[in-house]
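What follows is chain A paired twice: with chain B in the first complex and chain C in the second.
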Partner chain A sequence: MRAEDCVLWGFAALFILIPLASFLVYGFFFVVDNSVVYRPTLANFAEILSNDSYRTTFFKTLRMALEVSAINLVLGYATAYFIWLRPPAWRNFLVIALAVPLLMSYIIKIYAMRGVLGTNGLLNSVLLALGIVDEPVSALLFNLTAVRITLSVVLLPFMVLPIYISLERIPNSVLNAAADLGAGELQTFARVILPLSLPGGIVGAMFTFVLASGDFLAPELVGGIEGFTYGRLIFSQFGLAFNWPLGAALSILLMIVALAVIYMARRLGNPRWQR
Partner chain B sequence: MLRFQGCFLSASTVLFAAGFASAQEVRLFSFEGYAEPEWVESFEAETGCSVSAAYTGSVDEMFAKMAGSDGADYDLISIDTSIIQRYVDNGLIIPFDMSMVPNTANLLASFTNVAEVMSGGETYGVPMAWGSLGLIYDTEAFPDGVDSWEALWDPANAGHVLALDDANNNVTNAAIVLGIDDPFNLSDEDFDAVKQKLIDQKQYLISYYAGFEEGVNIWDTSEASLMFSMGEFQAVELANRGYDVVYSIPEEGGIGWLDTWALSKGVQDAECAHKWANHYLNGDTGPTMTELKGYGNTTDESPGLDYADKLIWLRPVEDFDRRVQVWNEVKAAQ
Partner chain C sequence: MANHETGGLAPNQDLPLLRIRGLGVRFGTFNAINPLDLDVRDGEFLTILGPSGSGKTTLLRAIAGFQTPSEGGIEFDGRDIAEMPINRRPFNTVFQDYALFPHMTVRENVSFGLRVRGTGRKRLNDRVDSALGIVGLEELGARYPSQLSGGQQQRTALARAMICEPRMILLDEPLAALDAALRRQMQNFLKSVQRQSGITFLFVTHDQSEATTMSDRICVMRSGSIEQIGTPRDLYYRPKSKFVASFFGASNIIEPCEIIDVRNDVTSVRTPVGTFAVAGPAPEGGSGLALAVRPEAFGIGNGKPANQIELTVVSVSFIGSETITELKHRNTSLEFKMKARSDPAAIPPAPGSVLTVGFDPAECALVSGDTG
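Right, the complex of A and B next:
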């Protein structure tokens, strides 16, 4: 191993692996009278698997994350494709404009979305002004739809950027060759551009899915009664019930799903799978 | 028992706090409305201690944060009398040196001998504010008023109701609504009934909220016209934002609370902390708080709070952890 690698792994161990492990190990402890008892047990996992409400919340959340990924794959691809077709000077500007929200505080963005979706919000004002509705629609906020919309908007850059990068990496010569061989625009898109840029979409879908499935702020702030997701379940063990062991055990299950998704994305993201 | 939390997760927090907490500072962790510029500035000028305040959204959150760091992050916390013993039992608060809080001489008679602030002969809480968890309604939507909590379970009000996200207060209030004799000492059947009552309510709610401001903000962005309130301050805030609301205690009664300043086990500047508790009882801070924030104070009359006899004062409960567990199940219920 080279010296740089040693330093890199050292940093990873010190700042990522050891803190993560010291946290996950809590999942195998338990709580008595508000104190953590440091004796190994599988009781937390038994409780999670036997409790209906944990299970339903788990699958509800995964489904919601999957829907957000699907919505974002479509929106994100369209956006990236649009940017890619602009002249080079425009492209850089648009990509930067898209990345700017990433510098903003996450919680501010969610509050902003609440302002947009509320009964006195921007979206309702526009709908009213255009005469599409007669009175404000309250169905836009404080339900699972609001969570889907908010997460789709907030996570969009994570989808657009990888797709845009894979579009950028398609050599002009390949497109010229397609034209020379008589492929129409539609055919070039379907048989050359889309397959070559799809790995970016898979990476983006992975980002979106993993971030959406673990999120607890958006569900809390815009989700209302329906917004009790798996992330909030974990949060409430740490932040309200003071049951860190159960919270850590719940996190381990989510992490297994996240790692599986990342592994799958790695396999699928390699263009060779298509052959 | 050896507690490892300090070594593992909160090590960074502790180091950060130790490294950066300057001398002559009091770090408050409280509900909103207890650290306003009107009395923070005079305190800082008189004592030379600076004030940093963090706010909590619920009783549960405050306990979890204190337990998670063994109190290292805060000097003084605002807790109600019913929960003081729980903090004492968990070793999270330490007693005051009452010789450093001479202004307790200013306390009204009803607040001078509160049994719950004492434990083992020591004083763990300095009574500083009281109030209720009342019902707020919009007078436009309810011109005839609302006199029962059942309005929060009325299908006619579906989509217009807000409730707070707090385990003990929801369980207690539901028990009051159900007419259970002792809402602080529930039997197994009582727990089942309370849980079902709270689950039944979900279909009518817009959202739960955590924190005074959060409740007011949701009211602002939704079609809310009824709210299970965290306290008087919310009615004041809603009125400030132009809503015509009434704060009331329905006929079933409502939860009454007496908040105290309590000294965290992890207190860093104990002198400033004592001075803050003392400053709160100087006879000026209390009435100002009542005037601006609507809470009752403990040193003078509290104009406007004329419903003390309708309140059911919070007392220690049979099993706090069970209440937190039940509340989590209510929130997770489909």
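Right, the complex of A and C next:
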């Protein structure tokens, strides 16, 4: 191994792997009378897998994350495609405008969404003004739908950027070739543009899924009782129940799912023709 | 289509396949192409040749439809196609970077033109097999473009452009990315495919030798205008301008030139290094005339050609089959190059010695100088 590699792996171990491992190892300990017993056990995992409410929350959360990914794949693709079709000067502006929210505080964005979704919020004002509803809808906040909407909005840049990048990578001559060979706009889109940009969509869906499934702030602030997700469950073990071993065990399960999704996305997002 | 065996020239030259009239392309205030006329005959291999920035690729892009012309008309087979969308134009393009679809196999790439037209499976497979056979890629149909060499990608692009049996194929510097040996091989290959298929090839290149070996006719472009159109022999032996003469091999340019007499199809000219006879009539509109003489037209003494100059030897380089002698004129700063078959018996002249060099009136050309 070269010296540079040693330094890189050293840094990775020191600042990422060791802290992570020292936290995850708690998942194999247990708590008696509010204090941690440092003796290895699989009891936490047995409890999680046998407990109905943990299981329900787990699958409800994965399903919600999947729905957010699906919604964002459609919205994100449309957004990226729209930006890609603009003249070059516009494109850069729009991409930067899209990336700016990534620099903003996550909490502020969620509070902003709370303002949008509330009874006196922007969304209700628009619905009222358009005459779609007669009185403000309270069903937009403090439920799982609010979590879906909020996460979709907040995570949209993670979907748009990889799709936009794969659209940008399509050489102009390839599009010219499709037209030259007789393909109309629709056929060029379906046979050339879409397949060439889908790997970006898969990467974006992976980002969205992993971030949405582990999130606890958005469900906490806009989810109400219905929006109790796996992320909040983990959070409650650390912040409320002071059961770190159970919290760590719950985290390990989520991490396994996340790693599996990342692995799948790597396979799908890197098709044979790209290798 | 028996006419293709006669070098690809169409019998009826009054009805060109592609007819361009007054076509111009402007980018802002820059004239990429000054309004020009060009006819492409059915079945010929026509090369648009020019240095970079001469407008040759822009002209090809305008014909293909990728570039909207600022003015002028394009007719194909008697039909106006200037406004026709790219995907309706009845010919196909081979791109400089091949522009293969990276997510499709060779077979899928080649069959693309048929698939978008909804061709049935049986017919499609037959046509793809035959196209892959023509370009010699039968074995590689399942490969992706990233798994092909440059030459194989080139062949795939050609098969893809041929699949819809267009009457004309546009080729935009398709050999530029290949190494020298492969390029020569592909030149012969392209030429033989063109001969056998009878498809009109409109080929763009900046490589003079490539144009000469492949083309039936060459259209030389410079600064957005057509400098000269003709067969490779025409351009080599009868260049109309200094630009064409020096573009086709290193010509010796003698200037300024003044016409003193025209008699019996022989023009006499006075130059700083002597008075010479030139076969053929004087060119019209001759502002700033020059005399262009090929290095291989020079000979030492033998046969007493009509034109003779006394020159001093600067250096002699033996390069195998040929010997190149650099010469200069005593009273002027003009330099000359002479190329002759190496003679094993001859003793090369020593530098500094004076030679009488002659050339035939038929082996030189009066050309117009730089008109700006």
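Please note the rule applied: the second predicted complex is superposed on the first by the 272 of 275 C-alpha atoms of A that agree within 3 Å, B and C clash if a C-alpha of one lies under 4 Å from a C-alpha of the other, contacts with A are read in each partner's own complex, and residues count from 1 in each chain.
The rule we apply is simple: a contact is a pair of C-beta atoms (placed from the backbone, for glycine too) under 8 Å apart; a residue touches a chain by one contact, two chains touch by 3 or more.
The structure presented is a predicted model; accordingly, all values stated were derived computationally and were not measured.
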item	value
Chain A residues touched by each partner, larger count belonging to chain B or chain C	B
Touched partner set for A:G118, first chain B, second chain C, both or neither	first
Touched partner set for A:G10, first chain B, second chain C, both or neither	neither
First, second, both or neither for A:L196, with chain B first and chain C second	second
Intersection of chain A interface sets (partners chain B, chain C)	none
Chain A contact footprint on chain C (complex, rising order)	64-66, 85-89, 92-93, 95-97, 99-104, 112-113, 115-117, 144-146, 160-161, 164
Chain A-facing residues of chain B, complex	1, 3-5, 8-9, 58, 60-61, 63-65, 67-68, 90, 159, 167, 202, 205-208, 210, 217-218, 220-223, 321, 324-325, 328-329, 331-334
Interfacial residue positions of chain A with respect to chain B in the complex	22-23, 33-38, 53-54, 56-57, 114-115, 118-121, 136, 138, 141-142, 220, 223-225, 227-228, 232-233, 236, 238-242, 244
Parts of chain A lying in touch with chain C, wherever the complex brings them together	171, 173-174, 176-184, 187, 191-192, 195-196, 271-275
